[in-house]
Structure formats: C-alpha cells, structure tokens
Amino acid sequence: MTTKAILLGSALALGALPAMAQDTIKIGAIFPLSGPNAQFGNSSVNGMRLALERMQEETDGIADRVELVVTDVPAPGDAPAATQRLINNDGVVGLIGSFSSSITLAASEITERAQVPMISHSFADQITERGYEYIFQISSKGSAIGAAQLNHAVEIAEAEGVDVSSIAILYEDTSYGTAQAAGIRDAAAEAGIEVAVDQGYPLGISDVSPLINSVRRAEPDIVFPVSYLNDSLLIVRTMRQQGLSTPVVGGAAGYIIPAFKDGLGEFTENVFSVAPANYDYVPEINADYEEAHGTFMPHEALMYGAALQHMITAIEEADSTDPVEIRDAISALEYCDGFASGLPGECIAFDETGATTTGFPIFVQWRGDDIVTVYPPESAREEPIWATAD
Amino acid sequence: MSEPLLSVSDVTVRFGGLKALNEVAFTVGEGEVIGLIGPNGAGKTTCFSTLVGLNRPKSGSIRFQGQEMVGSKPHRVARAGMTKTFQNTALFPGMTLYDNVLTAALGHEPLAQARETATRCLRDLHMEEAGDLAVEDMTFPQRALGEVARALATSPKLLLLDEVMAALTPAEMDEVIATILRLRDSHGIAFVVVEHHMKAIMKLSERILVLNFGELIASGTPDEISSNPAVIEAYLGAGHDD
Amino acid sequence: MTPLVQAILDGLLVGGVYGVVAVGLSLVFGVLGIVNFAQAEFLMLGMYVAWFAWSFLGLDPMLGAVLALAAGFMLGYVIQRLLVQRVMSSDHVAQIFLTVGLLAVMENGALMIFGPDFRSVQTDAQMISYRLGPFFISAVYLKAFVAAVAISVALWALLNRTWLGRAIRATAQDAPAAQLFGINTRWIYGIAFGLGAALTAFGGGIVLSFAPAYPTIGANYVVLMFTVVVLGGLGSVMGALLGGLLVGIVQSASTLVLPIQLQNLALFVIFIAVLALRPEGLLGKAAK
Amino acid sequence: MKRSLLILAVIAIAAILLGLALDPRSYGVRVLCLILMAAALGQAWNIVGGLANQISLGHAAFFGIGAYTSTVLQVQFELTPWIGMPIGAVLAAVAAGAIALPTMRLKGPYFALATLAFGEICRIGAQAMSGVTGGPQGLSVPFYGDSLAMMQFRQPGAYVPLFAALFFLVSAVFAVMSHGRLGYMLRAVRENEEAAEVTGIDTVRIKLTGAIISAACTALVGGLFAQFTFFIDPDTVFSTTEISIRAALIAIVGGVGLLWGPIVGALFVVLVEEFLNSTLSDALPGISPFLFGVALVVIVIARPEGLVSFRHLVTDRFGKKGKEA
C-alpha cells in the first residue's frame, strides 16, 4: 500500500506542475511519431521546425519567443490526455496537429472545451462541421478532395479528347480512404459517370490481386485508388503485371511521398495524384528541407509549417497570449507569407466554421524524381500529360 | 421390490479402437459397500469416470435411482447423488481445503448452509485442523481424505472412492474404514471402493467386483472372490504387486 | 469459373508466404508451449535485414532472406536464453505478456534505430506476370511461393532427417523424457525459438519483395499468423504451411462473394468455428 | 468481504476528494480519471480472466459495444447515456453469451486467440456498418456543454465522481462475486474443470454467467469512456492492443484474480505511461513505448505472478478470512 501512496502522490504532483514560464510562448504539436503513421507525423514536425527556424531568422517578432512542444500521439485514444497535458501542464496557447483525422477529432474535443485554438490539416469533413469554434482546418475537406480527384481527372482527360464514362474506386477502409472515396463517388454520380468498381479493402492488405482482377473485368476508363504507401505500390505493380494500361489517379497520401518513387522507380513517371499542396510553389523552402532531410518536402510538412506560421502571426496580431484572443486572431487573419505562399490559393484564411476559404485541391504529376503541379491551369507549373501507362 | 440404487447394464466404453470397458453390468443397493478390484489398467478408473458422466459409453445403460444417467453431464449426476473422488487427487489448488469442500457444497445449497455442510464434512473425516491448509501444503494422505470430504459435501447417495487409502499407514487405514462404515450407517451412503490394498477391501466390502481388461470377470463375497481361480489367474497373469 | 480458378491461384501463391511466416510461430508453440505475440517482429526484422542486403549489397530479397534467416536465428536464440527461458515454467499469462512486452520493445526499438521511413525494394519480378491461358501468375508471388516451398522442405528435412530434428521433436513431445535420453532441453528450447524466429525472418525477406519495410509492419501480420497456425493446428509445422495456403485461398476466394473489406471477417469467423469444432486444427495431428 | 467493500469505498471517496483538491481542468485530474477507468476495466476483465482464468484478449468487443451503443443512441435519439449505458451493457452481455458458447471449452492460448478474433470481428463489423456507427470516420458525442442529464461536462474534474462510482461498482461486483457462491465456483472451474463438474458444478452455466457479468461491466466502462473523450472510432474502442490486451495487462501486472490486482496494475500502467509520455515524448520517437515494453518484460520476469503476489494472499486472506466473513 505504500507504493500506492507514492504513486498517488506523484499523480498529484503531475497536476501541480508550474503553469508556464514567463518569456517563452509555447505551441503544442501532437502527431503520431511512433506507430503506423510515424513517418507522416515525423515529416509534419520536420516541416514545422523548419517553418519556425525560418521565421525566427527572417522576422524580429514574436517567433523568437515561440517554443514548439512536440508530443507523440500514435492513436486517437492517446490524444485527450496528451492534449490536456499540453494545455494545462505545458501551458501551450495553441495546438497544431494531427496527421490523422481521428486523432484530430479526438484532440479537438479537448481544445474546444478548454477554449484553446487548434489548427489542423486533417481531411475529415466532420472536423469543422461540428459547430466548434476553436478548430481550424487549412486543407480542403475530404469530400472536396475526392470530388477534385474525379473532376480534375475527367477535365484533363476530356481536354485530351478521352471520354470518361466509367471508373473504379479502390480505397483503404480507414477514415481517410472511406471519406475521400465518398467524395469521388458523389462527384461521379453528379457527373453521370458509372462507378464500375467500388471496393474498400483492409489497410495492410498483402495481395491486391482480387482488386485488380475486378478492375480488369470491369474495364473502367480511370482507376482512382485512395491508399497509403504499401497498398499504392501493390496496386500500381499488380496493374503493370497484368498489363493493364488504365490510367491511375492517386488520392494523395501514398502517391505523393518520396517513398512512392523508391518503391516504383521509373514506373512513377506521369502518375497523377490529387494533392492538398505541393512544394514546387516554394522551391527555396524546399531546398532547405531537402538539405536537412534528403528528400523533397512532402505536402504535410508544407501544410503544417504554414499552419504554425499562421498561428505565430496570429499571436503577434492579437498581441496577447490569451488563447481566446489568439483564436479570434487566427480566425480574422489572412496570412500569405512564408510557407503559406506555397499553398494553393497562396494564403491561409478561414470562414466562421474554421474551414479554409482559400485552399483548394490541386493535381500533381510525377516527373522524374519530382512531383509537379499540373492543374488547375491557374496553379499549374507545367502542362498535364494524359498518357496511359503503356 | 424397488430398483437398486445403481444399476449398470452392458456398458461398453471405447477409446479410439481400444475397448476400455466391455459390456460391464452390476448393481449397487442402498447403503451397500462394494469393492472394485483388478490389475492395473483393468478399467477401474474408467468405470468410475463413466458412471459419473465424464466418459460417454458407446452402449449400455446406467440407471441411478431409477433415472437414466447416460448422456447426463457430470454435474447432473452429482446432483442426482452420485460422485467420485480422483485417484491422483484433484482438489482445487490455490484454495484451502475448507474452500474446496465449501465449493462442492455450493453446488446444491446457498452459502450459509454450505458453510455448515463444509464444516460438518471435515469433522466427519476428522480433518477440522487441516481446513486452513492450502492444497499445496497438504500431505498426500490429507489430500486423498480431502477428496472424500469434498465428495461428501455434495450430499451423495453413492460415493465412488478411487484409491483414497493408497498412502495410508495400517492404523490410518483402519480409521478410514471405520469412517466409511459410519457414514454408511449414519447417512445411508452407498460406496464403491477401488483399492489395491486387499486387506482393506476384504474388511470393508460386502461384495467385490473384479475387472480385467475391461471385463467384469467375477463378483461375489470377499471369501468367494479370494478363492475364485479366474481372479487369481488375472492377478498372477498380470504380475500383481500386492 | 475463370475468376474462381484465378482467385485460388492468387490465394495459393500468397498463402505460401503466410505459411512460412507463420510456421515459426507454430514451431515455437509446439516445442516451448508459448504463444509468441512478438513473432511478427521477427518478420519486420527480416525485412530490414533483407532491405539492407538489397540496398548495400545489391542482393535480391530472396537472397537477403537467407541473411535474415541467420540474423533471426541469432536474435531468437539470445532472446530465448536470456528472457523466455525464465518464464518457461510460469503461467500462460506471464508468458503471453512477456512476449507482448517484447513486441513493444522490438517495434519501437526498430523505430529508434531505423527511423519511421518506408523502405522498399525494386525488382524486375515486381512488374512481370506469366500468362497461362486466361490466368495470370504474378512473378514476384511465384518466386515467393517457390522460396516458401523450398524452406519448408528444408525444415521438414531438418526435423525428420537429422539428430537435431529428432531432439527437437522429442523435446516437443515430452521434455522430461527427452532429458533422460541425454538431450539438453534448455539448449533445444533456445534452438527451437531461434529456428522459429529464423523462419519468420526469412518470411520477412520474402515479404519485402512485394511490401515496404517499416517499424510497425508486424502488426499487419500478427493476427493473420495466429489464424494460419490455428487453422493448421497450433504446434504443427506442416499444418502451418497448409494453413497458410488455406488462409490465402479463403482471403482471395471470399472476395468473389463478399466485399474485399470483409475478407478478414470471413477468415476470423472460420477461425473461431475451427477452434470451437476442431481445436486440434483442420489438419489435426496427421499433419504433425 | 465487508472489509473489502469498505476499503473500496474509502478508495473511491479518496479519489473523489483528490479530484476536488485538484484543478478541475488539469492534466492531473485527467490522469486520475484514466487510473480509475483503467482499474474498472482491469477489474471487469478480472472477473473472467482472474476468477475463471479465461485469458480473454477480446474484451474490446464489449468495450466497443458499450461505447457505440450509448453514443449512437445519444446521436440518433438524444437518449441520455444514463439509459444508453445500461442498454449497451445488455447488448454486450448478449454478445458475450453468443461468443462464450462456442469458445468456453477452449483452454489457455486457444481461448485467448478465439476471443482475439472475436474482437477483430467486432471491429471490422463496426467499420462496415457505417450506416449506424459512422464507419471508420468515427462518431462524435454531441456537444451539450455542462449537462448532468446528458452525462457531459466541460472539465475533466467533473468526471472524477462518475469514474470513481464506476470503479467502485465494478470492483464491488468483483468482490461480491469473489467471496460469494459464483466466485468459489468460478475458481473451482479455473483450477480443475472435471473435478468441478464431478462435484456438482454446472461449469457451462458458471462460465457463461461470469462472461456475461464481465462483458456488461466492460461495456459500462466503454460507455463512460465515450462520454469522457467525446469521440470514438472503431480502431480505438475495438482495439486489440489499446483495449483488449491493456485490460488483461492491468489485471496481470497487478496480480491476476485478486481484488487489489487491477487497482495496483492501473496505477502502475497509467502512471508509468503518462510519466514516460510527458517526459520523453519529445526526445526520441518510440522511446516511451519502448521503455514501457522494457518495464513489462522486467516485471514479468521478476514477478511472474504480478506486483501483488498471488500465493501468500490465498492463504493469508481468502483462506482464513473467508470462513469468518
């Protein structure tokens, strides 16, 4: 029983830690740094660290006082305690995160009740549709990304004289895949395009042959996979194996990270994907990132870097470390510098629900070791090439 | 004349291709004490297990108090009034002896009454002192008698005792024999006793059944059995050790 | 008809891989009586070994798998002698939770050492398939299948044709008796655990030929591995291989009638049904 | 038994007082809730895992059913969790009965694996039934601000009495069972099923009863968890590692089958985890779960019977006191 007394005592001590140091302003970052999404969490944090560094070098403002408190949240179940800890023990004035939508949803339940602002780049529509005031979403919603994945592809194809009458949707069955697939499905219905194959599959699938067999039998005009890396590689390879030349238009995640190239080599050439942002808007920042981490800057690094800079600027505007005032400043601010200039729309601003008013999904295409923004035309760096994988 | 307490007819048990019991038939009357003997591997323990429902016979019938028991689960058989002890003792480890006995009593009565039953059963076997012992700390003879106490707690009409005297001294053995006879007299419990110790069996039993290779080869009074050539043959042939 | 045959072909090929990955789990259970929740971490380890072999030595993952086999054996042997041996006589719960602890240590150890990056290989076989009339046979899965069969035959020969194999089987059946015959059973436990780890690590090398390595890849396989060994009969070596084929076929063929999303649902229902009706496994003792 | 209940009540009240002493929005108060929740979860598992020694690795099934039932009813019909949680407990009990029938004869690892598969079936099922559950995207508890009627509060401090009450309830169920008829019978079944049958215990019914009570308690914990975190998704509430294995872990680390086991286990597991997360999370990704794994390995090797050792308590406590109580 003595052990218990000691343990209980330390629980007390945890709660009684000093609130916050005077001079620094702490911003919390909750990301999956271990577990299955660790890669994405770590690159997001890399992006934020770079964004903070550059801001500290370039400006003389409040950025010098900002400290990033990073915490590992591998699963949504860990999010509430971590969020509460950051708010109450570390005294963060705002939060950034998290890669996965379910972690963001769980964390934002805490930030809402604690009245601390949080900026996220997760896709789920729900995030800003709960009527919450303290959560902001800098990327387009999953349904919009799904719709763009379909509509942009159809526009590009039809501009090349290719008729699209039937498609296949293959999606991993976690939150991200299901939400985005729903967007594609709805957009297809609206456009009067037949969805010939509509298959969810378990994340971690080890053989996608059954999926590709059904694609081969249905002969759709375009395949829309919404997948992470493992499944992306399997889908592209198995299609090649079976000699299927149906164009593949990826759904972000696995299709626009450096590891996609590592797994497929030359076969990535001209693969399309929808994307929330791309590094080719900000080559100079990307060069910094590449120097530090050896790969191009994935979109989550760019987005979260921008989110952090938006929050720091809002703190400066609010001229306060009161989370409620910071929240109002985030909501009012239109931020167009630094990392934000690398986002589609080249600015960050939010409507009253916290959803983005500036962001929109873009299309990228693999060219050599790089991915290049090709659509919509006003954002494109290069022309799209509608080529079937021969 | 009413039916005997237990009436076993043509019971055959197979394990794989092996016949463990072959058309075994016998009866046990109310309050009777019967010895069951036979060389090692003759099927005595199998016979007990089958009677209480742990094995299902291939064919035959086991009627207890006029009810067919074949196909009944062991707990139903126990509640009907027939239970057995385990040869290598199967008291519940991680419990005290008292709790073992109490648990058995709980099968058919509520806690308060069960406590009384448990205390009484331990007293019947002169084991009050051992009640607080954990099974792990009991000697083998204590465990064997503990088995009897636990079986008693189910309020049986017929108790099948499987070598409970194996490790006892002659004096202790006499005491157990006296206890069995006293229980028979006071509670009207019938017993079937498997024991290797011939003197004990002779002293205890009114009738003796002899099993060999799964077949009942003889039955009769102790005197008849000890002079039965088939029995002697079975024991000598199997190289008996007692 | 064609879709069904194709599904069975696909399932068979990937099922061979499941079999090899799971056979180590079954061996460890058969000999040591321990359900090793950390077994899939040896798959992850094998994938990393094979990846480094591919990346720095240019070895095909199938050859890298041989290196993985050796590394898996060494690590497995050490883990058994240092840690698992200490709970050999403990309760099942202690054993299970020792391996759960090992799982966390190995998975996160890999994250700390190798980082979170996905590491995949590129081989020619990944993009090729052979055509047999209307059927496709994927080269990479075919190679994986052949490697799986080869290692299975080698394992079978080891267990049945060598003194060591007999000692392992004797220990599995009755350790005290084996000891009486002069077998050092502690040493055999170490060897058997090492061998189990080695086989799963070898399977990892094969898996790398079609899937990227990352620290938590084991989690994708752990439940699948249990399903395989239970269907084949926990502890049965050849049963695990056949169980693997069966799981592959069920996963693949079930997609003809069920959404692919539910392929594992079908699998787990069969899994529970088999446990309930035939706990010795579909293939039972005959396969041992 | 009365003494055990009294100590439990004292612990629960002490927890509530501690909760009042802490800042109601603080992290410490949340950790307190997590400890109470973990103890209740471990205790619910302990009913089958400890008393009957059925090492279930599928309790997430019941946790998830509890969480989803009350939340779905709240989202769809604005039904208060005060009613929704008991309904969830009933549904979980039904599920427990359904899975107990085919699996109860299984022993040791076979039972563990069968229940693990059952948990996975429920997770996949919850993902697929998106019309009801919201599918993989999860379900948010509707925001009511502070509402006792809807069992919802802005500050974690307000949940301390709820968790303390739930902890007391589940622990009391365990204590009463453990000292009562059912407990003796479950232990008998655990130690030797054949002998239990032969002494007149209906082992099937006893196991079924234990499984149902355990599942119902687990579902209540799941329901309150949903109210506490406001967001659930299948991967979280049906998680094999985060719920099923964790429930078993809490009971086992503390001392399986013992009333005090899950309490000590919960303190240990939650405090070590939170300590590691709060101090090392920023240092090196993976270090805190790594060290947690190391701690688990060390405990299992040093004290395979749990922090509260089993054997001496059997004779010292249950044995002698059992008769007097």
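Miscellaneous remarks
We call the chains A, B, C and D, going by the order they appear; numbering starts again at 1 in every chain.
We take it that contacts are C-beta pairs under 8 Å (C-beta built on N, C-alpha and C of every residue); 3 or more make two chains touch, one makes a residue touch a chain.
Because the structure is predicted, anything quoted here is derived from the model rather than measured.
Steps from subunit A to subunit B, taking the shortest chain of touch contacts, total 2.
Closest to the middle of the protein, by Cα centroid, lies chain D. Set against the C-alpha centre of subunit A, every other chain centre is closer than that of B.
Distance between subunit A and subunit D, defined via averaged C-alpha coordinates, is recorded as 35 Å. The centroid of the Cα atoms in subunit B and the matching centroid in subunit D are 43 Å apart.
Once the centre of each chain is set as its mean CA position, subunit C and subunit D turn out to be 32 Å apart.
Shared interface positions of subunit D, defined as residues touching 2 or more other chains, are 124, 127, 285-286, 289.
Listed for subunit C are residues 108, 111, 116, 215, 259, 261, 264, each touching two or more other chains.
Because contacts link the chains in a way that matches no line, ring, star or complete pattern, their graph is best described as other. Interchain contacts (touch definition given at top) occur between A-C, A-D, B-D, C-D.
In the complex of the two chains, the subunit A residues touching subunit D come out as 3-4, 7-8, 10-16, 33-34, 38, 41-42, 69-72, 74-82, 84-85, 87-89, 101-102, 105-106, 109, 112-114, 124, 126, 130-132, 173-175, 177-179, 202. Remark: subunit C residues 29, 35, 83, 86-87, 90-94, 96-98, 100-109, 111-112, 116, 215, 223, 226-227, 230, 234, 259, 261-262, 264-265, 268-269, 271-273, 275-276, 279 touch subunit D in the complex.
By the touch criterion stated above, subunit D contacts subunit B in their complex at residues 180-181, 184-185, 187-188, 190-192, 194-204, 310-311, 314-315, 318-320, 322-323.
Within the complex, the subunit C residues that touch subunit A are 3, 6-7, 10-11, 13-14, 17-18, 108, 111, 115-122, 126-129, 136, 138-141, 207, 210-212, 214-216, 219-221, 224, 248, 251-252, 255-256, 259-261, 263-264. Chain contact summary for the complex, subunit B toward subunit D: residues 52-54, 73-75, 78-79, 83-84, 86, 90-96, 98-100, 102-104, 106-108, 110-111, 114-115, 131-132, 134, 137, 150-151, 153-154.
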